[in-house]
Amino acid sequence: MSYRLEELCWKELAEKQKTSDVVLIPVGSVEQHGYHLPLGTDSFVAKALAEEAAEKAGVIVTPPLWFGWCPHHMALPGSVSVRAEVLIEYLYDVIESLHTHGFRKFVIINGHRIVNIPWMQIAAQRAQSKLLCKAVIFDPAYMSKDLIPGLDIGPVGHSDEIETSHLMHLHPDLVHLEKAVDNPVKETPLYSVDPQYPNDTLCYVPATKEHTAELGRISGGTTGSPSKSSAEIGRVYHEHLLGNLLRVIESLKAV
Amino acid sequence: MSYRLEELCWKELAEKQKTSDVVLIPVGSVEQHGYHLPLGTDSFVAKALAEEAAEKAGVIVTPPLWFGWCPHHMALPGSVSVRAEVLIEYLYDVIESLHTHGFRKFVIINGHRIVNIPWMQIAAQRAQSKLLCKAVIFDPAYMSKDLIPGLDIGPVGHSDEIETSHLMHLHPDLVHLEKAVDNPVKETPLYSVDPQYPNDTLCYVPATKEHTAELGRISGGTTGSPSKSSAEIGRVYHEHLLGNLLRVIESLKAV
Amino acid sequence: MSYRLEELCWKELAEKQKTSDVVLIPVGSVEQHGYHLPLGTDSFVAKALAEEAAEKAGVIVTPPLWFGWCPHHMALPGSVSVRAEVLIEYLYDVIESLHTHGFRKFVIINGHRIVNIPWMQIAAQRAQSKLLCKAVIFDPAYMSKDLIPGLDIGPVGHSDEIETSHLMHLHPDLVHLEKAVDNPVKETPLYSVDPQYPNDTLCYVPATKEHTAELGRISGGTTGSPSKSSAEIGRVYHEHLLGNLLRVIESLKAV
Amino acid sequence: MSYRLEELCWKELAEKQKTSDVVLIPVGSVEQHGYHLPLGTDSFVAKALAEEAAEKAGVIVTPPLWFGWCPHHMALPGSVSVRAEVLIEYLYDVIESLHTHGFRKFVIINGHRIVNIPWMQIAAQRAQSKLLCKAVIFDPAYMSKDLIPGLDIGPVGHSDEIETSHLMHLHPDLVHLEKAVDNPVKETPLYSVDPQYPNDTLCYVPATKEHTAELGRISGGTTGSPSKSSAEIGRVYHEHLLGNLLRVIESLKAV
Amino acid sequence: MSYRLEELCWKELAEKQKTSDVVLIPVGSVEQHGYHLPLGTDSFVAKALAEEAAEKAGVIVTPPLWFGWCPHHMALPGSVSVRAEVLIEYLYDVIESLHTHGFRKFVIINGHRIVNIPWMQIAAQRAQSKLLCKAVIFDPAYMSKDLIPGLDIGPVGHSDEIETSHLMHLHPDLVHLEKAVDNPVKETPLYSVDPQYPNDTLCYVPATKEHTAELGRISGGTTGSPSKSSAEIGRVYHEHLLGNLLRVIESLKAV
Amino acid sequence: MSYRLEELCWKELAEKQKTSDVVLIPVGSVEQHGYHLPLGTDSFVAKALAEEAAEKAGVIVTPPLWFGWCPHHMALPGSVSVRAEVLIEYLYDVIESLHTHGFRKFVIINGHRIVNIPWMQIAAQRAQSKLLCKAVIFDPAYMSKDLIPGLDIGPVGHSDEIETSHLMHLHPDLVHLEKAVDNPVKETPLYSVDPQYPNDTLCYVPATKEHTAELGRISGGTTGSPSKSSAEIGRVYHEHLLGNLLRVIESLKAV
């Protein structure tokens, strides 16, 4: 039997729900990813993690929410940004609907790093407090903090070596590494958002369109050094995340 | 080069946009479809029509909006309904984002029949009037009015013979015809919503959860006679819709 | 005793409510109707149908909601359009208020054809699902499908022969037939919205202001052939609609 | 030519708009008015004042907004209350629509006394500041402060002697004076809302439903002494208000 | 023990709540007050009244809501206006939160005169009707109607003699009387908003930015005659208001 | 001349604005802080940092936004939580108002740690993108990551040793250390929110009221070891944060 919500008949879903009240909800973004990665990169990441974990853990995964919040990327073609206020309501309704059917534990799997997190937090809190359920957020960048220092790669950027490596592992056909332009991350002493940094501030406010337009002129939208990427790094990274995600699911099952 | 927005790099998308400013946006629903069809039936329909037409017509297709408005189906497990008010804002933001990048003609492809149409109309009108673009809605039930009378099948229901046939053509592996329960459509002299009917009223108001709960007890949520289904009917229906969709796209290109 | 809500004292209303829990709510529009029909045409139609039916059926009718959704008509003077999102909330509150007093069945009588219907559907669904009541929509164009083919008139337009005839029957003093300009409806093979048409698509998205501005230059805002109008056609049409409306009310009473 | 917006063709409206850019917008309420006055009392008042003034001053009057904000009256049958937040948006859209056609000065004529005023102020301010137009509110209670002391009647209540007298002048057939129950206004030293009072506080917060329910048991919802009413008092009051309203219109024309 | 909410530990607050379920909520505005008064004048007034009354009456006072609704003052630097729609929700949430902890009677103390009152009325009504509590508004201008006529000062303006005197009593260090420019209030026969006036209409709609810009050029934003101010007038006025506020609190305690 | 917005006349503010277009906006929370800290702790922190920095850097500071988002603390008396959706609009309006007057750089100073950050990010992004200004968030916990490891204290909790120490430095009179109950932070291997932790996930979703109610029973709402607090630790912490805040302000001035 499938673990994908959309492929099940309702009777099958009702059966599966009896064995586990956990649901995984992958959320990505469709936005510029430099000259070498596809617009859907973030959603491919969320979808792959969620589907593999669902299969392994015997829980249900919903279809992906393909679109996220990326107002800063609207300067480059193909980026699609939904207002954060709308995404809050949208995600809440998805959770509330599934809650109606008896699901009680929700893992929101983010493929878009820090920018999707604020609206997810607000939606998840409302779900927890109105529906008396459990809703947690799983973010690749923050869930790989213990792995990254050993990988000899640069800090968090955009379409950078870790994201490129991840896609090379997941969808090698969609990566055009030969077109990638390196644009090493500049240090910003007080306002970094790399979870590896001692001075990571978390308080990231997405940049303006003008900033991304400039980035587009410099490197096609990339920050980081995609030239250092490899499918093997991607595989290690993916396995690590998958392991952590499975541990999150197990801890929810145990509650 | 792909015709799927999510698989393109932004440079590729920018190239394609120069050759056509049409975008297809498939919108479905995840909702109960009786004992024999998958929850994602409506989204599979919208996705298949949109992707095939995009490839044939050389235009772009976005990832599907998997979730729609189906408050009446919430009585049966697995149904996911987002409020119409939220879907209006969500779809509008998707269109506005693509409009930013130069797209001017949008075909919203509905897989969920009449219930998704009201909020689509409101979003599409706002897009037309605020963005000065063209936004049309393509609905299978209304776009097959000239075909259906020749097919010797019953009137429009839910998980009925035409929907089942369509899925048998598109995803035979996801159809469990052996589990289907027939539940022929009852005539409602003044308030029908079958576009074939001389007295179709259009003014459909989705039923209450209580009504669907009753339907669930009778037939597992089906209205119609799925036993009359066949992959061949599905193929004919699909080709007809695809032909009409391509004609809609051509007429937009010609404007 | 009056059947008009606004003319009753609350004690009288309470008495009437005991004999029937049906309420009629007429909703129109104030918008351009060519050179020859008054701006309030749609509201006059809804008001006349609702008040005559209320009297005959012994049920209550509210004062009319004079303003509707007509963004496409804003190009010509006098048109008043309220946002669909606002009308949804407004109509819902009217229904909820009456529900508080024990009314359980609501007939929303539309005088503005297809453009008012989307927001009515959303409001009516919310009422049905939150208040557990019955809310149906009665639309003249869709409720006369069985009559029109026998009348030898053209397809649905705006300020056309059927609308003009109806007003000639209801308010002859407000019709200036001598100023009417014919502008026969052009066939649009895939996207018609005439319920008589085999290829009526329902998926109507209101046109832009620019489109109506052009229409204003051609015919003063008319589509159709008002020169074919007569009070007698209007009378037949009105009686037919009234009959159907009474049948809708009877069927609600019987539930 | 009519002075009622709904009765004019758009060409006629365009002609009238050239001679004056003032529009009158009557706003009332449908709510309990004791045992002796009709539910629509407030709207009848606003409508009569607006229509007579429009005719005399040669300006346009819109159809009435029949429903207002009366949450406190919901305890008695027939009362219809729309949320203040919705009424703000609704009235704003009406003004904005008319502004599109060249009208620049709006008189909102309130028939419902102090309870409608807060949302009218917010809507009118937004109109003034976004559309750069003039929007004023005309309220009978406040616009008769110089007259009332000479009339030998009691303070402001609900369905009281002045309101009853006004209706006896306007719609004698709708007044059932024989059913009226007197319920003299009690002094509340710090929180009065009678504009005649030296300690009128203005800061009125509508009472709860529970309070009106109690009032219903005491007097059928009346506060005041309707037994003191007469059509002659109503005539004097009406003429006085009409005179003041005409002066407001003239002062707007002069700007 | 403090009477300021923010200075108490929750255990202390819980103790105090047992002795009185009244809370005072001071609300002001940060807006231009001519050449001689500080931007925070309205908030200083609300804060001083609320804190003194809280101490004397043994009830709790919240921190002030510093910002109010003053769209008309945005023409001059330093003015901060929050939309009325947002303030309604904000104040409601503050009341609802305190209601959760057992408080049942709320006095909203306005320092900004008539312009803050509409949104306060809407928020207070919603609180009363949803939470079944008591919420009243205390406004200095309306709560001093019985005092003012004896003070030999001019009518209500802005940064006028009464407001200036009040600040001279409360914060003499923040008043720059030497910079004040007199700009006597002009009579507007029908539309005054001075509670002392027989023809005060209450129906005040805040002016446009353009109007305040003109006022800025004339007198730096002042209407009235600040030159007539004195700390002694301010003291008398303050004591009078404080007395009235204490009477309001006592009357609430007695309910 | 004052650096506090509320204490300046508009002319003075206009003068100051010419020398610097930076504004500091302190935002706190009123919420339970165990048995020993005042409800306004978070706001006192934000206010103190903002005012000291404003004075030192010669920039303007607004009055504090006293109330924040703390739905999880509503289980204990005195906590006041405003919905995140409302706070987004409120903060945006404050920024937009100041932007009208020429300010272009905004530092939002958070006293409430991670829970206020999501809605601040959404408001700040909207400001940046709609107003083309710069809006950054300054959070004590994240801005002290380089200091904390040297202080020999436990991880981030609530009313913990660092927060207590900070208040002992700022408002010793409001700290009741003798009432504090230690409740050491438990390790949660995957979901920590201490910026010091290698596995800090950032993806914090505020707990439910039920969780805080339990916490209240255990320790009065405290997580951490307040017994380790000292005014000296508070002083070092405060100076460190002030230094970082001044560096943020200087970097904005330099742009």
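Letters A, B, C, D, E and F name the chains as they come in the text, with residue numbers starting at 1 for each one.
Note that a residue touches a chain if its C-beta (ideal position, glycine included) is under 8 Å from a C-beta of that chain, and two chains touch if they have at least 3 such contacts.
Since the model is a prediction, treat every value here as computed from it, not as a measurement.
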Chains touching both subunit B and subunit E: none
Repeated interface matching D-E, over half of the contact pairs identical, chosen among E-F, A-B or A-F: A-F
Distance between chain centroids, defined by C-alpha means - subunit D, subunit F (Å): 48
Multi-partner residues of subunit B (at least 2 other chains): none
Contact graph of the chains (line, ring, star, complete, other): ring
Touch list for subunit C against partner subunit D, complex: 4-11, 13-14, 17, 30, 32-40, 43-44, 62-67, 74, 76-83, 86, 89-90, 93-94, 97-98, 100-102, 174, 176, 179, 220-221
Touching residues (chain side subunit D, partner subunit E) in the complex: 71-72, 84-85, 88, 110, 114, 117-122, 124-125, 128-129, 132, 135-139, 142-143, 145-146, 189-191, 195, 198-210, 244, 247-248, 251
